[in-house]
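Multiple structures follow.
Paired with chain B in one complex and with chain C in the other, chain A is shared by the two complexes that follow.
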Partner chain A sequence: MNTRTRGPVRAGQYAALLCYLVFLAFPLLWLISTAFKPAQELASLHPTWIPEHPTLGNFRQAFDEQPLVRAAGNSLVAALSTAVIAVVIATPLAYVMARTRGRLAAAATGWVVVSQAFPFVLLIIPLFLVLKNLRLINSVPGLVMVYVVWSLPFALWMLVGYVRAVPAELEEAASVDGAGRLRTLVSVTAPLLVPGIVATALFAFITAWNEFFFALVLLKSPEKQTLPVVLTHFLGAEGVADLGPLAAAAFLATLPSLVVFAVIQRRITGGMLAGAVKS
Partner chain B sequence: MPLRRAAVALVVLALLLTGCSGGREPHDGRITLRFQSLAWQDESVQVNKELVAEWNAAHPDIRVEYVQGSWDSVHDQLLTSFEGGEAPDIIHDASDDLADFAYGGYLADLRPLLPARLRDDIPRSSWDTTTFGGGDGGGDGDRDGGGVYGVPFLQEPRVLIADKKVLDASGVRVPTPDKPWSWPEFRRVGKELTAFMGPGKHAVAWPLKEPVSATLNLGLSTGGRLFHRGADGKVTVRFTDGDAVVPETVRAQVNTDGSASGATLGMGGSDTLPGLFGGLYAMVPLGFSYRQQIIQQAPDGFEWTVLPAPAGDDGGLAQGVSPQTLSVAEDSPYKKEAVRFIDFLLQPSNMVRLAKGDWMLPTGTRALADPSLHTAKDGWATGAALARDLRSAPAQSVRGYPEWKDKVATPALQEYYSGAIGRKELEKRLVKDGNLVLARYQR
Partner chain C sequence: MTSATATATARSGRKRPARGAGHGAWFLVLPALIPILVLSVGPLLYGIALAFTDAQSGRTEPTRWIGTLNFQDLLHDTLFWDSFRIGLVWAVGVTVPQFALALGLALLLDQNLRFRWLARALAIIPWAMPEVVVGIMWRLVYHADAGILNETLRDTGLGDGRDWLTGLATALPAVIVVGIWAGMPQTTVALLAGLQNTPHELHEAAALDGAGAWRRFRTVTWPALRPVALAITALNFIWNFNSFALVYVLTSGGPGGRTRLPMLFAYEEAFRYGQFGYAAAMGCVMVAVISVILAFHLVGRLREGDDG
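Presenting the complex of A and B:
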């Protein structure tokens, strides 16, 4: 491409990027706008981006009507536990799968792929029965167990890619220098895997944070319900919604994900690049 | 083959685990009942919680635990709970969702448990909505051996919510429950109103995103039934002139008269409210409970009124409804206690509180007679006057109805209303394709 055509192409690329960003941001911005609008503005024939009479009434009503803080606490416990456990289990497994060439590794990889093909509505009843007999229905640990099992295949798949991106030659060099297997893993491989582990943990966290159906079915007591389940309490029959409080509560529910992303964004980016580079 | 041995071990472990059984034992002789409520509006949740607290204060030996459910997901959640033996003891749902659970044996037959007071207080037409398994599948309830699987307690007719100023200024006759519009008059008035309102505006906004239940339920007023049960108990679809009046009126309003907006055909009820408030439409056919949203969202100075839906030639205001219901899980070891709680919850004065909380009508005749439900304010009197003509929705107990609705009727009616197909094609699809679907469920 010559210099005369490079300018317009670059401008086009930026324009496309801008459109994409606007497209991505639209639902979130509209959600925020809705959360601050009074009921009459929500039913206006000419909706505005900026609320004309912004109000915190929807937030007050949302907190008054539903136990959002308790539900957020339950969600946080479930999501953090899921992320930690999933990473702890997936990391060594991914290492084995990435470094081993054999029938077991091939079978495990195959299972990871196949397991993603089951719609969870097929699994829920057997799962429910098993958890019931383990007395894990209506308990956050039971829910975490389901989330870990559910997110593990994909977490494993992600991490295998990151492990493969770490050159085996580095480990061989450490071995030549006299480091043992464990020392090599801890001092050489693990630090290089940190971005991948963070990205995987984030994936598991968000998956669990947003999950609705398992939480709905498995948690019976109101005090144990998670945030996505409590959000549906703002919905009535035939899709009627208490829109203002729903938007306010939904906006609050997106905040933890946004904060986590903001805090560890650089590490995620690094992780993605690490997974993408071939040695 | 270590892999195979591991797989066998896993299967055996899973079978062992699922073979174990958990039990529900009362603690300290005190029974705890779980009541899953679908109340969602603030006032309604408050009333439900208050009533549970009142019960618990008066019955220390039978404690009721209030559990909040959600309309959005109740069917899947209940199905899973039933399969897992963990269903709530007392279940709040809508009657049109009960058929699968009743036929599946998940719900208790309440006939031997219901107190006479409750049985006599609720009209036969309401009990029909929760009676399944008899010779006519719900039409005659006890009389032909069907079981009663829920207590219908709240219902809402479809009404016309209208812009009062536009209506009054236009000079058209304003209908009342005693002297409603007929369907042809409704069409005529629609044309007059549209001409009065000026270009770009319409007399009516039909929110027909889900066109089937609105069409079928309003069709009762003109003698439409669509589903006909034969002597062998099998249901077939027939499309008569009575079935055609409502769809033909809507289609003509949208495509011939221009008195109804084509844009709202794909909308839900809430989506049409900004247009009503903004003066784009004069009337919107909506459920009675939408009044709560209108009170919340209407701009200052917006005057609205509640009108009865159009009537058939004989002036009959019959329309189908699927009331909200309270059922008891078949697996509950405390069915008698659960029905005692339902009886308490549905005492006439409590039913009035529940009805007001949900902006609906109670099914109980004594509750319905309460003066507070007959005030002109917020259209209560108009709704209460319609209650006597409410009937079981035509599709209430038809097995295969959900598939017929989704695969056949919804697309056919949507195309018909938009003008893409004519009556012959609509009839062909509803009847011919529809009967093929229903036949699969009735072999």
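Presenting the complex of A and C:
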């Protein structure tokens, strides 16, 4: 739009865009820069953007100091289980929410909205007590149970948008042709939903991979902890941190989410758009 | 409705899906409904009940009902109300500038600019990063000696640098800036989605009528964007008020409690001091106050909508 925008306005727009780019990018660039700096450069009082003697030593030291591989494994198990379970149980409900106007769909929609407002402390204390009685404290399965329910609202929100994008007429045509309701779902609707389901699963994966609060409360022993919790161990007591390994480990922990996000970015924004337009 | 009728419907295959989905509903809904009830709605009610007890961790004698005693104690707990005030300052301080910045970015991204793809990609990055990493990253930026912020200030002669996160006066503003940065993507994406729904024909018609950019924004863009803007600011306010990980990593609530958000306070109360009942009462107060504030927000906007 606005193809007739005049020169000075355009220039101003580019200047503004540049400011945004700098504001958004510089913290990440600084993290990367710090991760590759040797100790003596980090101790210098005049830090530079580009490391003069880039090193991988910080990464090696990070793996030596904290059990990063085990933590990443725990995170991976938790995030994968959450992603799979969340979409398996959310997709049928999302289908009902998208296709019916009953009290049930309204209640589910209400829960999706209201659950956004819970302060987690009101949820985590009873969950902690319940999981403790079930002996699921300090266990990744216990954490996954919490993650599944916690990722459901947004998963439902996305999936409802994707279901609505499948024309109901297609399903009606199938049933006119004599396909049963289950067959219509399996052979007509489900294939069309697959891209949306995959995007939702990946989003649930990222939220679980990144989550901190529940993991902090529920996982006590170091060998069970997930990556975000282990990262905070680098901060040490009194916040005195070994900057190089801290930056290196933080950068590594971000890479999987950045990759996944790059893949599904369009679908997430598309899902939000669909939810916003059609709800 | 039982699963038997659901299968019966499925077998008969005569129902039109759009209407008949209700018949298979329970069969489709239970897998999600049970976890929601058991792990979300149930614990929430349990949590509210706990607020009226003296529940503590690691205590041998049984938990007792103590009525509203926790709430009476909270009324006189000045530390809690300090943290509550800090939470409000933080939530408003993040939500309002973030909305303004995100609106500007969304308007830019809606234009036909070169490098738009780069800005879109970058704008989404904070969303993909774990909050813990965002906190660590900004600690490196704010670091007194090795941080880029102080180095830039020294280089440009604008100042000689300070300990941003440990200074009594600077800690809260410093974490607010991080909060603004971290939440930019969701707000920008939501506003961009709203913008792309505004009918462009209206824009062009207004431009032909000689309306300037500001006038077009006020009369065409904003009215169409308002529902999205209202929803996203309300959600952002709640999310920010309830936030935890970012500030936990940045300052742990310090210095001297200057950045101790209500969630950090309640977390310490529950999991450091084991005061489950008392912390649950804090959660209840947080929910109640947020609901009241949001109700006023919504009612105010609705009334404004009636006038316009």
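Keep in mind that, in the parts below, the second predicted complex is superposed on the first by the 224 of 279 C-alpha atoms of A that agree within 3 Å, B and C clash if a C-alpha of one lies under 4 Å from a C-alpha of the other, contacts with A are read in each partner's own complex, and residues count from 1 in each chain.
Here, a contact is a pair of C-beta atoms (placed from the backbone, for glycine too) under 8 Å apart; a residue touches a chain by one contact, two chains touch by 3 or more.
Computed from a prediction, not measured in an experiment: that's the story for all the values here.
K.L.:
Return first, second, both or neither, reflecting whether A:209 touches chain B, chain C, both chains, or no partner chain.
P.N.:
second
K.L.:
Look at A:222 in the shared chain and tell me whether it touches chain B only, chain C only, both, or neither; answer first, second, both or neither.
P.N.:
Once the two structures are laid over each other on A, A:222 reaches chain B alone.
K.L.:
Return the chain, chain B or chain C, that is in touch with more residues of chain A.
P.N.:
Residues of chain A touched, chain B against chain C: more for C.
K.L.:
State whether A:232 touches chain B only (first), chain C only (second), both chains, or neither.
P.N.:
both
K.L.:
With both complexes overlaid on chain A, does A:26 touch chain B (first), chain C (second), both or neither?
P.N.:
In the superposition, A:26 contacts chain C only.
K.L.:
For A:40, using the defined touch cut-off, is the partner it touches chain B, chain C, both, or neither? Pick first, second, both or neither.
P.N.:
A:40 sits against chain B, while chain C stays out of touch.
K.L.:
Share the list of chain A residues that count as touching for chain B in one structure and for chain C in the other.
P.N.:
Correct list for chain A: 42-47, 104, 121, 124-126, 128-130, 212-213, 217, 232, 234-235, 239, 241, 243.
K.L.:
Write out the stretch or stretches of chain B touching chain A in their complex.
P.N.:
3, 14, 17-22, 34, 38, 40-42, 45, 65-68, 70-73, 76-77, 80-81, 83-86, 88, 94, 210, 268-270, 273-275, 277-278, 280, 287, 290, 293, 296-300
K.L.:
Enumerate the contact residues on chain A facing chain C in the complex.
P.N.:
1-5, 9, 13-14, 16-17, 20-21, 23-28, 30-31, 34, 42-47, 49, 88-90, 92-93, 95-96, 99-100, 102, 104, 108, 111, 115-130, 145-146, 148-149, 152, 156, 168, 171-172, 174-175, 178-185, 206, 209-213, 217, 227-228, 231-232, 234-235, 239, 241, 243, 246-247, 250-251, 253-254, 257-258, 260-262, 265, 268-269, 272-273, 276-277
K.L.:
Using the touch definition up top, name the residues of chain C that touch chain A in the complex.
P.N.:
9-18, 20-25, 27-29, 31-33, 35-36, 39-44, 46-48, 50, 55, 101, 104-105, 108, 110-113, 115-116, 118-119, 121-134, 136-141, 143, 145-148, 151, 154, 181, 184, 189-190, 192-194, 196-197, 200, 203-204, 207, 213, 228, 231, 235, 238-239, 241-242, 244-245, 248-249, 252, 262-263, 266-267, 270-271, 276, 279-280, 282-284, 286-287, 290-291, 294
K.L.:
Under the touch definition given earlier, write down the residues of chain A that touch chain B in their complex.
P.N.:
Contacts found on chain A: 39-40, 42-47, 61, 64-65, 104, 107, 121, 124-126, 128-130, 132-135, 137, 212-213, 216-217, 220-222, 225, 229-230, 232-243.
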